[in-house]
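Below are two complexes that have subunit A in common, paired first with subunit B and then with subunit C.
Showing the complex of A and B:
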């Protein structure tokens, strides 16, 4: 396949960072050029282990996801019946959570766990890239930081979904959806922590803010806390679950959040640039891909054709 | 046969009568002569049905059982009596009951005077909007001693009579003291319900707001939304769920000193002696929020999003709703677009062969596109 300029640049950077020698470089380039041009053909023909083939998230990220997952739902379930106090389901739901005498303690304790998870995450995502910069293997395109390319990807993906483009864009380790989701969650988290603290420590906020702002700030927080919670819950229910459970190809669920691995098929489909890096970093992956493509007679290099010819003549 | 029935009837009558006699009070003034009849009632000029039936066995278990009728109904001077215009007022001195502490005739005068000076103070008979204010009996009925107890527990009375000898006396004291110990304060939920019975009445609120405008008289800013906004505040929500440590109406609007008196002395927030007035607010917040200061007292305990009440909240709410609706529509829209758009990838193929656990099925093996 012929790589786009952006993909070639990603591949080039990766080979430089991994100090790939010329022989290996040629092998990688040969393999890539021998792949069919249509990525759909590639990902539909690779063999994938449902619980994941390619390393994606380290154990810290997985723990943080688990913490966020558990704390978020617990916080939502203990908090919602208080906000929707006059809804028909509020009273029984609140009783289910142990009544307000219990749920208020749960809510605060779990909030503390959530803040711990947030700090833990900040430490992880700071130290990781710092270490990579030091080792000279840092690539900003491989991080969650939004870039202009994401806007282009978003546009291209919409064009593809609406039938105005032949293929989905080549996306990086984190695609535009994941970046939006991540920063929405990060922002929401911050809003929840600040607004929550303004309920728990109103006197503290009143003492540090100017008198003219105190009431407005508190009102803003009183509105923000439930609205943000509701928005987050809806995003989880309608979007996150869609993307990780319900979207075509993901049903019933992805195992990445537990195993830290992504399936080969998914990586090629939605994170093709990251897959190129995987090819550079992991000789075994190249081996696998070559074998799989060869076994399905999808490699269009000269060797394969010769082999096929020989096979045909012998049969 | 007839004789037998007569005897049985007589026997039943005697039993019933004796029961009634033990439970009833001393009707020295012979009021029950007429008021014992259940049909003792009339329809007032306003069309309201009023019953004047007194059930002696019930009255005998109420806290006023020892007060003769005419101690309160002082205007009754002859039988049959004339039409009653004024009714009972609660500041009347009892002639028959002495205050055991002072030896003087008993009365509710202290609390009545305190109440009269409060914003709720009114006369018994009022015709203007004053009539909306609560009179004593709006909040206080003539309660039974201990509605849950049919009779004082035997094991307690058994102990009392060993010294106090007279069982009737012991039972009276038990009823008097146990009631006051059992029901020292109304619960927060009861207090909110009680205040709400008037302050949540939209018609009442409307006519007072209207009249205040005509009179160009100041009315509390939160008066029209008092209950609604309280219910939407943290204080209100937690109270609703039975949490008792959070503020109910009286925790802020009544003075901290002598709760039982101060709840009768409620003043509007514009009155400088009110605990929620601008000058006293900080101290009132400090009753619970020990770190409260001037700045803290700016927080609104009755928040609403009405434009006339809080413009900032009103617009914030609108912006948040728009952002929320937009985000939701965008997310669902994108999901639908993606599902439809990816039909080209083959949804059926994906369900059968997608990289989920279904790939473990044999159907996914050795495929080629």
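Showing the complex of A and C:
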């Protein structure tokens, strides 16, 4: 496999950061160059455990995802019937909770847990990269920060899915789709926290805003809160759940949020640049890949060919 | 090539799928009522 300039640069950076010696460097480069050029051939032939092969999310991120999804669903479950109280579906939900007044208390308590989860996340995503910078192993391409390459990947993926490109782009640990989703969720959370706090603490917001803005702000927040909630519900149900439950290759469920691991197949298909780093960081993964590709006779290995040639001539 | 799910993994995966599909159905119903009432 001939790597693109970008992929070569990712590989080179990873080898430098992991202080890979020349012998190991040659082993990695030989393995990659012996792989088939078509990534589809690689990921369709590797053996994957559906609950995950390769480490992706640490325990903090998994706890935050768990907190976010439990609080989000509970907030939607209690909040929407409060706002749309006269809709026919809302009354049974409010009754189930013990009435609107109880729903309100549950809603505000769970909102506090969601804010805690947000703060926990901000601390994690600040301290993690700071530690990596200190250790000299930080690579911005491995983070969720949007880069120009994401626009190119987006364009290339559209070309691929419209039949105008041979293969999907080589994407990083977080691809363009995940970055859009992440920042949409972050923006949504911020809108919900600001608007929610304006209902609970109107005097505080009135004290920090110019007099001419106070009434308009409250009105805007009253519109934003339920409609952002509806938007989030739609995004989660039709986008996120499609991607993690129904998409081909993920059905019936992607296990990463529980096990912290992604399947080898998925990593090679959608996060190939991260997979290159996995090959650098994990000698066992290299061995796995080599064994699997060799067993399917898909490794274009010069050494193997030379050995076979030598065997043929000696016989 | 994925190895098949074990029985307990199937139980978790399919019940989780059932929950999200039920939630989606509720969401669609709720939004439909909101938009039509």
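Just so it is clear, the second predicted complex is superposed on the first by the 302 of 315 C-alpha atoms of A that agree within 3 Å, B and C clash if a C-alpha of one lies under 4 Å from a C-alpha of the other, contacts with A are read in each partner's own complex, and residues count from 1 in each chain.
Here, a contact is a pair of C-beta atoms (placed from the backbone, for glycine too) under 8 Å apart; a residue touches a chain by one contact, two chains touch by 3 or more.
A quick note: this is a predicted structure, and the numbers were derived from the prediction, not measured.
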First, second, both or neither for A:263, with subunit B first and subunit C second: both
Subunit B versus subunit C as contact partner of A:253, first or second or both or neither: both
Contacts of A:204 with subunit B and subunit C, given as first, second, both or neither: first
Partner chain in contact with A:188 - subunit B first, subunit C second, else both or neither: neither
Partner chain in contact with A:73 - subunit B first, subunit C second, else both or neither: second
Touching partner for A:129 - first (subunit B), second (subunit C), both, neither: neither
Partner chain in contact with A:88 - subunit B first, subunit C second, else both or neither: second
More subunit A residues in contact [subunit B versus subunit C]: B
First (subunit B), second (subunit C), both or neither touched by A:223: first
First (subunit B), second (subunit C), both or neither touched by A:146: neither
Contacts on subunit A seen with subunit B and repeated with subunit C across the two complexes: 44-45, 48-51, 86, 230, 234, 238, 251-253, 255, 263, 265
Footprint of subunit A on subunit C - complex, ascending: 1-5, 9-10, 12-14, 16-17, 20, 23-24, 26-31, 33-34, 37
Subunit B - residues contacting subunit A, complex: 231-232, 234, 236-238, 240-243, 289, 291-296, 298-300, 303, 305, 310, 312-313, 316-317, 320, 323-324, 327-328, 331-332, 334-335, 337-342, 344-345, 347, 349-351, 353-360, 367-369
Residues on subunit A engaged by subunit C in the complex (per definition of touch): 44-51, 73, 80, 84, 86-89, 230, 233-234, 237-238, 241, 245, 251-253, 255, 263, 265
Residues on subunit A engaged by subunit B in the complex (per definition of touch): 40-41, 44-45, 48-51, 82-83, 85-86, 91, 94, 99-101, 104, 158, 160-163, 199, 202-204, 206-207, 209, 211, 214-216, 218-220, 222-224, 227, 230-231, 234-235, 238-239, 242-243, 246-255, 263-266, 296, 298
